[in-house]
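Take a look at the following structure, please.
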């Protein structure tokens, strides 16, 4: 077994160009999914409501099927739908097949992440004791104020560890973006590797890169957690 | 000042309240006694709309409404005239002692911040916590937490204070500090409705004692009447049992 | 718009059915392999010293950060060459071997945490009480601790299992013919037409698989809780 170190260094330099793509995919997806998932979590908490049932079904479906399948399905569906919509409905002359495929990646990963975050938010909201809401109402806050000032700030703290997990899982999922011809870290490594059959070297290099990115994300969440959980940290001292 | 009539409430098949009436005058200290499951806590919670009654009416000064169909606006009005002290304190975990007290003033009643802080500090001083403004609930003992809970309730100058077994979650050695704060408030003329098992409190400060069982008011009268000459057999049985337990505690 | 034939979804299904066995076998193999390694890792972390703990933590940390597909490629391309150094030729070994190896490595990390947290969730007094009435360490573990641990571990295990089934679908990228692989073959044979319909039948199969796994484990948990009245006081 021989390891081609020169190739590894070259690949490392090449895949650096993919880091912004991987980060973009991760964080823009999170940003888009966040408010939608929060709204959906509130719906899901009201089980009797019809909207709550729809949300439950959606979450169950997305979380019960592989991401790779969601990617393959939407990547063969979205372009044709978009094409039809632009050509036939809007009557525009746009070549949608020249669009940056990252758009499809955003759609797929957001649809997936919304379901994941809905569960994260729902369980975090459930963790806040019911008495907190009662006390807020009893001193005259309305439901919106109670949620904004008492329930959500506490739920955020409970949600952070799961949010961190969700972010890492999302970042790992973006490694499948190459299936939509998006040039992220994994896609670049794959191209480099195929050229001279240096698969092991290429994938070892990006493993290290993913570990570094993952570490940065965890540090970030650690800092946020320390900031938010002042009242909790004190109790553990 | 406050009159609640004919309150019914069921949880599923379990009929908890079977037509409860209560009349409260300004300055009354009403202690509600009764075995567990008698509906006393549920009744207290319906007054503040923490529990929605199935039936019943409330007259609070010039407000009159059916309990089961009160509008949001009316509910809010009544909540602003009352304050609730919870059995397990329910202090906001993400707020300091001071913030717990100012929250209802600033957010719900639009009191200017400066004034709210001043009023909150006065309230905390009154319950003996002038050294603990910036402590989070998790840094306070149970007795201190409950005193913050009381400060939170009195800071909004409510017409009626509602206490739901305020000492039953406390260790025996911490009960005294909370009771003495409540006695102080009673002497200053606050109007209070108190659900409790603390017989000493009832004997010492209650202007009226209400005994509930099976979702109805069985008997009511002055503390002296109820404790020395109960008319109803159920009251007598309950008192004999609880006073004996009470002796054990001592 | 491209044509869409919903009826084809149900035409494809019977062609996929025979391969459910492969998907389940790979999952089962991984649960066994990964579960066993996970158990060893958890035991090392609980019972051995500081160094073992650091090593296990590092293992869990690193595997948590690497995407499954990258790990799959590393094992698929790297393991044969690595073993060749020791004179072992696995170039003709079935693809399922690489899939099970890859996912065992990843699943073990998950399971070590599942086992450890379940073990720690059981009150220490339980062991002490068992020993105080004359049970041996093994008896205490077998009769008192293990049944309680199992109940605690089920929800997290269910999560890990569902993830495994989903991630396992990546096996087609190295050429394993499970339901996903068969689906891709069918799409290839049809020159790409009916791809949406084929994907939808795959969605259906995976969704059913994950729901069955989740529900049956939930049922098991409920039965353990009710039948033996374990942890009844905890609630």
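A, B and C are the chain letters, set down in written order, and residue numbers restart from 1 in every chain.
Everything below uses one rule, namely that a residue touches a chain if its C-beta (ideal position, glycine included) is under 8 Å from a C-beta of that chain, and two chains touch if they have at least 3 such contacts.
Small disclaimer: the values here were computed from a predicted structure and weren't measured.
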How many hops, at fewest, get you from chain A to chain C via touching chains?
1
Quick one: point me to the chain whose Cα centre is farthest from that of chain C.
B
Which one chain sits nearest the middle, judging by mean Cα positions?
A
For chain A and chain C, let me know how many angstrom lie between their CA-based centres, rounded off.
22
Chain centre separation (chain A, chain B; CA means) in Å
47
Just curious, how far off is chain C from chain B if you go by their C-alpha centres, in Å?
53
Give every residue of chain A touching chain C within the complex, in rising order.
1, 60-61, 63-69, 72-73, 76-77, 80-81, 84, 168, 172-173, 175-176, 186, 199-200, 203-204, 206-207, 210-211, 213-215
Please name which positions on chain A make contact with chain B in the complex.
129, 131-132, 134-142, 145, 149-150, 153-154, 157, 230-232, 234-235
Chain C residues touching chain A - in the complex, by the definition given at the top:
1-2, 62, 64-71, 73-74, 77-78, 81-82, 84-85, 162, 165-167, 169-170, 180, 195-196, 199-200, 202-203, 206-207, 210-211, 214
What part of chain B is in contact with chain A in the complex they form?
48-50, 72, 76, 79-80, 82-84, 86, 88, 90-95, 103-104, 107-109, 136-139, 152-153, 156
